[in-house]
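First the structure, in the form of structure tokens, and then the observations on it.
Going by the order they are written in, the chains are A, B and C; count residues from 1 in each one.
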């Protein structure tokens, strides 16, 4: 009886330990911890099951990654390959600038981040199934950054057809930009290459290089192949030169045909290589062509790098405050060179998410401002990037709503005296009214004066003052030039005075992004000042003070000496 | 301890099963818009095969032909007018671009080795709009435009055979060698992001009994070994008959007529 | 060895105090101190030094001796000339830089923790006294942990659907919309925020938003929406639970001192 019990016990224990073992094997401990971290920190966007459908996902663009598809945008691996663990770890650590994915370096330990990497990989079977590690993009043959390289890259930018989406100057305003979608059918905008702080995968030259060798999976960004495969940089430049000619001479035609044939051969070899049918000789041609392609890609990466400042500019507060510069001359026109002499002040803008309908996915990220004034007038130059030029008012057939690009510059009606004095509510006023200049793309050379007491409570002033306006749209950028007298007779207008800090704020609309009415981008209150003319006192007082202090010293000595005697 | 453990296990199994069922229902919805393939297919020589033919017609109000807005490269793309091809209805309500196929054939003829598997990009339009690709065969993309295109083929959810590759105007012919699909799947969408209106469909198929209807809505499946088969269809805008396939019986050397009338997907 | 004069000692103390305030206090230890505050402290230190040296006649004389000597002694000739040139030059430079300096924009003095109203309301409905109202879902923490968890989860949902744009994924006030806002969104990871306020205070700040602040809190600058327009009472209480649950900081409870 006893022995039977013991045997039972042993059997049960044995069974339990086996069960335990299999359990441990199926879900390794790493993932259990990773699951915990994932559900605490990631699931609200990426979903409990990794489908990218967390409770916050709906209002985000780009949408949170759906891990069940194994599609990863930012990889160090070739097109069609899965990312490496390090790639996933880096994304979690650094985040994806310009999207709602933050970096987790400060809030998750390195160990936790690795656990999460292990856990999110369980959502896609492809990670388990793949026997060989993903092929990584080789960074061999990197060409160091130089002005010359940038020049070459600039030509290649056109040859590689980057401008189709990213625009001539890289502002993401290419003619294909308005129709791009991501894999899930959501609107997707090509990167504005002049804002490197928003590059999702980082703005290092290596990062940029990896993006066009590997493509950005799930987006419209294709994997690039050499558009002039088999040709050197010089040859491809020549080929494109000849290609764009309306008429070629006989010798030119011959040259063109030769290059064309060379290219055709190389492309055929490319296909043969993939089939594994290439001869040794063909392999050599292929190797040379691939090298040339890599060289071209590095030049291109250097060019893209040159398009943007390294860092996001500092916002216009504190010492960076917008200062309108005095001039005794005529105020400059929109295209005058005088503007180049001023540093611009940077005002970041964000989606308006206070009043419905709200804008959770803004496309305009900032406005840059410069200003001059003279004894009677002030002039501003507002510059902002917008990938699309929506002048013709587009109507929503169902609601009759119209969409167009616009901007509004907001001031208080009266400048509050002293820093603690009440300002109007920053979002188009409230109890206290604001004074606005509103510009719309459909009426490009006009600014309307508005008075507003709330975001839904704005009216055009009955008496429109004499405000001059001009605007331009080129290569994804708006320029708006506005000139007004410092003083007006209208009590509803802001009156300007040199040396006084005036609150200023902005609203902007991108018609292509569905911006209309309260759906827009906004800033909070900033300030600007008509910088006082440096007074001539600065040449008179200091010498006086110096003389006086010298006199005091002499006097003191005399006094002491007298007392001594 | 024992009971706790067992309860845990049972709960775990129940949870897992629940997940499985849930995931399955998700996939089922997608499967409804896909083709149905036999589990295995063996190619043999077919002697005295039968023929299945018919006409696919559309029923319902034909929406007005939607002219596509050419937002780009008007000199190249704007030469001819282009229309939305998701529903092309010809004379007598004939429905073009419908795939008609045998769902459950397990052996039959081999693929026609000479058939061209290519899509032309001409006047910024994919031609044909629906292309059948034998599994493992290379799709060739032609570019007859003086414009740069990108060939963007979407993977199905289960199998990410994603292709997104640029084809500049210099590259007249591009064989997508590296991307030949090993598995039967589809149809999946083909897109050119540069010219957002350009759309087509490709299906990777394991056997040759697939046909795409022409302007007259006609299709023919030839050399079908005698037997009874499920006949299916797929259309971009009208969906599939996966739930209720039509059964046809082919006799040796005989001809079966089977017409279809399709309505818009709900 | 020559004894160091009292004047030199005082001078050195003065300079050390300045270096301490400007660079050590206002750099190493905490944020830079405004120049006006520094001048105030320096004036106090100067007065203290003068008081100290002038308490005794002999000490005062000892203090003045080097000044005296520099002014009149024959053998201090060189030092005198150097000072007679240097002091006026310094004054010249100082006045010029002061006059040529660009005016800085006025600061925005703002009471970051303004006093709440006496009554806590949701829309027009009175909930109770600000001092005594408790989170109606708080008691589940002890009574029904499962239910408590579901409320926290609901709070998490509310947070990530509405708040994280500005207050951030990590609740650190660094959401992707934060950089254009002034004042910056509250940082709940700051140990000075959650433990210093009752849950009712948070309910007030969330439900009434920026416009609900008293004038001292510059309601016109704050981008905090009036959440009672978008969220239910329950959702607000739940998100309050979530903030504390996520950060691990408990709220101040009624009756507990600061």
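Annotations
We take it that a residue touches a chain if its C-beta (ideal position, glycine included) is under 8 Å from a C-beta of that chain, and two chains touch if they have at least 3 such contacts.
Model, not experiment: these values are computed from the prediction.
Think of each touching pair as a link: the shortest run of links from chain A to chain B has 1 of them.
Among the chain pairings, A-C comes first (most C-beta pairs in contact).
Taking the mean of each chain's C-alpha atoms, the chain whose centre lies closest to the overall C-alpha mean is A.
Comparing mean CA positions across the assembly, the chain most remote from chain B is C. In whole angstrom, the spacing between the mean C-alpha positions of chain A and chain B is 38. The centroid of the Cα atoms in chain A and the matching centroid in chain C are 32 Å apart.
Mean C-alpha position of chain B lies 65 Å from that of chain C. On chain C, the positions that touch chain A within their shared complex are 68, 71-72, 80, 83-84, 87-89, 91-93, 95-96, 99-100, 102-109, 156-157, 159-161, 164-165, 168-170, 172, 174, 176-177, 179-182, 209, 211, 215, 218-223, 225-226, 230. For chain A in complex with chain C, the residues that touch the partner chain are 41, 44-45, 54-56, 58-59, 99-100, 102, 104, 106-107, 315, 317-319, 321, 323, 347-351, 353-356, 360, 418-420, 422-427, 430, 432, 499, 501, 522-527, 529, 531-532, 534-535, 537-538, 541-543, 545-550, 553-554, 556-557, 560-561, 564.
Across the interface of their complex, chain A is touched by residues 2, 5, 9, 19, 71-73, 138, 148, 150-152, 154, 157, 160, 162-168, 170-175, 177-179, 193-197 of chain B. Of all the residues in chain A, the ones that touch chain B in their complex are 12, 16, 19, 49, 69-71, 79-80, 126, 159-161, 164-165, 175-176, 178-181, 183, 215, 217-218, 220-225, 227-229, 239, 243, 260, 263-264, 267, 271, 274-275.
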